[in-house]
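One structure is given here, and the rest of the page talks about it.
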């Protein structure tokens, strides 16, 4: 189980990266390596060129900007999970990362790598969808931003031209503005650290009366890309969030058309989608209300 | 793995029939496929490229048209190819049958596809292989229709275009279709899987249009 | 890849492993685990699956436990690495995790052991307050077919206690 | 002699090197100039080979050779000998070292690519063009004997390799008079062993061609030597086989594989040292697997729920070949009637060929299968009669008064199967006591809260210490240190430690004074192998016998040296002492004497060397037993199963090292839990394996596994000098049955009936909805 031969490139700047991408064929970008390296070792992937972007400066920063929390593509999952800005402004991302792989893979794996590999059940794209993240792409035709809803063009295929690369993303995180924000993330996997079968992330913002002013629900593992439960979100806004309402909107999760693979039936995915949504919303409610509405 | 599809073309069977047997002309309609040599007596060399998510496969191999029944308008295509990188091989037997359908022709293709080796062992991706194969045939049908329409717009009858079927070890370059066909390189994951997702979302009309 | 010339498929690297600096020309396709085993002869790092699941190949790179089968050797240029061979002190004094594995029968065939020990050494050096639940999570990326994990967990708990200086 | 080490939790002698990275597994052995081999394997489940074109591969830079069956001569094409001959098989099929003409499962070895590195060998392996003619594959066990079913091999008329029949008593009579008769259809699915070290073979031919050294990651170096000496037509003394540190075996490494033949053959052919190391992808398709069986059974019980009789039929999938004969179905058969004192039994097992990886024993061999079906039947009786599952077992078990108990079955040699010792009911009670009494109350309370917990129970009896023998040599060296040589190599069990414990007590030294060498055929003449929970009994007994003899010799010689009565002599701290005096002679001095000096005759009646060699011949089997209880919680929304508690009460006779026995049990239980909940080797309808990596094939992880509480009983076996029974598989045998029993109990409000494993959460949700 040894990789086939390839030429190795390690650009130091984004400009070098773009010119390499523009000039080479059959290229794979090596970020954290936790997805690409197995594909190389198992000889599923046969790139002629591997471009290692670990040496490009400035791709691993986490900063607050007016647009939101900006996270460099090369930020390791371990760093994201423990970063004070993430814990303060997007704790649901930190919680989701608890379920991502294992201590050894989080030490290398990057948030950008996950957003480009795009396993249908992956947690990080799910959180990006939850926040309507904006992805920052660079290419020879200059930088461009892609909304998360336009990012996944098909099964494990990001909206990137062959000569483009993902530099980072911005999560337009929610500000409380006198309301209380609660989050929840639940997934069902056979074993700890496995890709989820289905995962659900929820964000709610409640006013003093416990009425939902804003809500976001995202599911992973139900389709080839993360799915936002827009209908359920609308059904929440303007109503007092309680278990009854949670039960009603969770049922909506089961009604979307589920993808099918060799192992998992659509019916089971639907059941998990409903259950994970319910549990994620319950956590969100408890957090927003400081556990008063358990 | 059985894949059944049927599709219509806007010409009657007696015109569609020779057209369908005009391999150099229809191959470019097959997404990701290209013809590399005509070996004579209905045997051809070619290759087809397919993408399953991040994994791109290129099958190179041979295809032969057998059991041609010009009266019943049925034929069988037997094809087999191996991935250039040794990740396995694919073999398919496709039975074509044409029947009149109003002004046009209903073409049914019953394919038995067998994948072996690593390509058949992707596990989680296996559920998508059938969808992908169906999409290839469906896109083939769409391309074939647009080809026919393009020609009829030029006033070139499909049948006359189909009469000069090359034989012997002809020069591949000369086999490019004479009429503009929607340019298709390897079947893009986008086009391909968008179709997959569509069909995942609406399983009713699996058999294309 | 015959089309690729030597220059593109070979790189010179310098890496510090268990306190020793090594200079070497490596094939760019060689993963770090193979480099440690074949080039440096440090065969204590084991390869159990080479697709990043079993954890046997875990080493400590710049303080973090990582899977050496999921990193190219060329990427380790300039890095500081600790392998199972480098955990005990020069005088042979065992690392508390090694000691505990021996005390608690934390190994049987021993093949997953280097990955288990390096993983636990790294996480416990960072935080010796882990409890059974967090220890099980910490080794959830390391597969053992022999022990059923319980004695590994017991070993980790003993090591954590020693590393906290409880006794 | 008081036992100071025998029975104590002695820390392992093996560990210091293994915890510091100084172990030496096959791929760690330095071998200057070694060439690396990649194996070209069949991608087809069943196909004819028309031609093999290796020209492109041979031309690839760094490739030394590409070898097919035709290149390596007749021995490479000849079917390998069956490791356990099976006269009842009409068409015995075994694989040849390299396929020629046809292939019968995905992964069958077709050619070897020899190159300067493994990576280059893999590059070239992809360039070997094999022209196959695919044939229909047989992967459907249930319909394998149907009219018109595809045959797994063109040499076969039918997929039926043979039928085993066994039983005793007046079956018709017992079923006729029984108050209750219940029918069950049960099934188990295949998984792999997944030793964390994959297999591997290295061979170094002597330039003269008269010798060959072979290293194999095997449980049976002596089987490899036997096979290769016969294959190569060489003296056994010229074929040295070494099992280095082996990273787990679990059964499949006891097989002599195609690569064990092909690599030495190729090494001789090329006159070069060669190494092949199985990678994990290969392990999924080239290392034997186990457990596929389909059962139709009936149980007869009296009005009180005592099981009276069992009859049934089994379809057993043995895969494409019979490398180990029919040892699996035989083991399933001989595991009846388990702990139950049945009046009548009638079992038939059809052994079926399919186009999947061949089956040979995986931890437990056929026993977990039989345990699963018997325990399902016992639970069924309890449910139908409305009595506790414990009571059905209490009433049906062989009672303590009945030992030695002849079950009515016949052993492999035709002799009656006779359980030696034990108290099955008492063992069950200990498990129940440990588990706690108020479970029912907690279960009702949990259900009131919408939580579903369940208790599982499973009991087993295991035949251990299998024939024919193991042996050991003990030799005291002039430096006073002791060499202990044996053929029984270990794959993690800790043989060196337990053997040293056994010998140390006899010789009055510490285990640390003893160097144990095992697994090198040049150091000890004969051995069988570490399989079937047999080494503590056979190897341990032989060590004991050799130690006793050495001790006697030391005393005899010392009595002359010290001019003392033998009765007054004791062995202590490396000396033979005259008790109550300060007169003593060290074992080293005695060894020096008996090594001899030029011109000086040895003492009268004393043979050279302070040493002894003994072979223990296992002519009667010993029987371990146990009862497992566990508690699970099922999340009915997701089907997730959490194991909350796991209790093992078990009896493997006298314990040599309780810490190591506990280790065997815990590892075994977790393997069984994997079989119950996680591990499923999936094939598609064409025989293409679908789970060929650790993302798809799920092994148990630390986060999902429970603590395992163990209660020991010690019923010494009278059938060997140290009273021990085997413990290597006792954890695995009942574990899956126990977990399934618990899940069914947890889901009883939904009337869920479980009849197979592994069971996924998705399966359980489906059953809950149907319930």
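Which chain is which? They are A, B, C and D, in the order written, and residues in each are numbered from 1.
Just so we're on the same page, a residue touches a chain if its C-beta (ideal position, glycine included) is under 8 Å from a C-beta of that chain, and two chains touch if they have at least 3 such contacts.
All of these numbers come straight from a predicted model, not from anything done at the bench.
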Touching both subunit B and subunit D (chains):
A
How many Å are there between the centre of subunit C and the centre of subunit D, using C-alpha atoms for each centre?
29
Distance-wise, how many Å sit between the C-alpha centres of subunit B and subunit C, to the nearest whole number?
51
Subunit A to subunit B, mean C-alpha position gap in Å, rounds to 37
Considering subunit D alone, which of its residues make contact with at least two other chains?
119, 126, 279-280, 682, 690, 693, 695, 701, 703
Would you pick out the residues of subunit B that each touch at least 2 other chains?
85-87, 118, 123-124, 126
Multi-chain contacts only, two chains or more: what residues does subunit A have there?
1-5, 38, 42-43, 191-193, 262-263
Per the touch rule above, enumerate the chain pairs that touch, sorted by label.
A-B, A-C, A-D, B-D, C-D
Within the complex, subunit A is touched by subunit C residues 1, 3-4, 8-9, 11, 27-29, 31, 34, 50-52, 55, 58, 61, 64-67, 69-72, 74-75, 119, 122-123, 137-138, 140-142
Interfacial residue positions of subunit C with respect to subunit D in the complex
2, 27, 29-30, 37, 41-51, 53-54, 56, 83-85, 87-88, 94, 98, 101-103, 105, 107-114, 117, 135-137, 139-140, 142-153
Contact set on subunit D toward subunit B in their complex
43-44, 106, 125-127, 129, 134, 682, 684, 686, 688-693, 695-696
What residues of subunit D sit close enough to touch subunit C in their complex?
11-12, 14-16, 18-25, 27-28, 30, 61, 119, 193-198, 245-250, 279-280, 491-494, 659-660, 662-663, 666-671, 693-695, 699-703, 705, 707-708, 731
Taking the complex as given, what residues does subunit A use to touch subunit D?
1-5, 38, 42-43, 188, 190-195, 262-265, 268, 271-272, 275
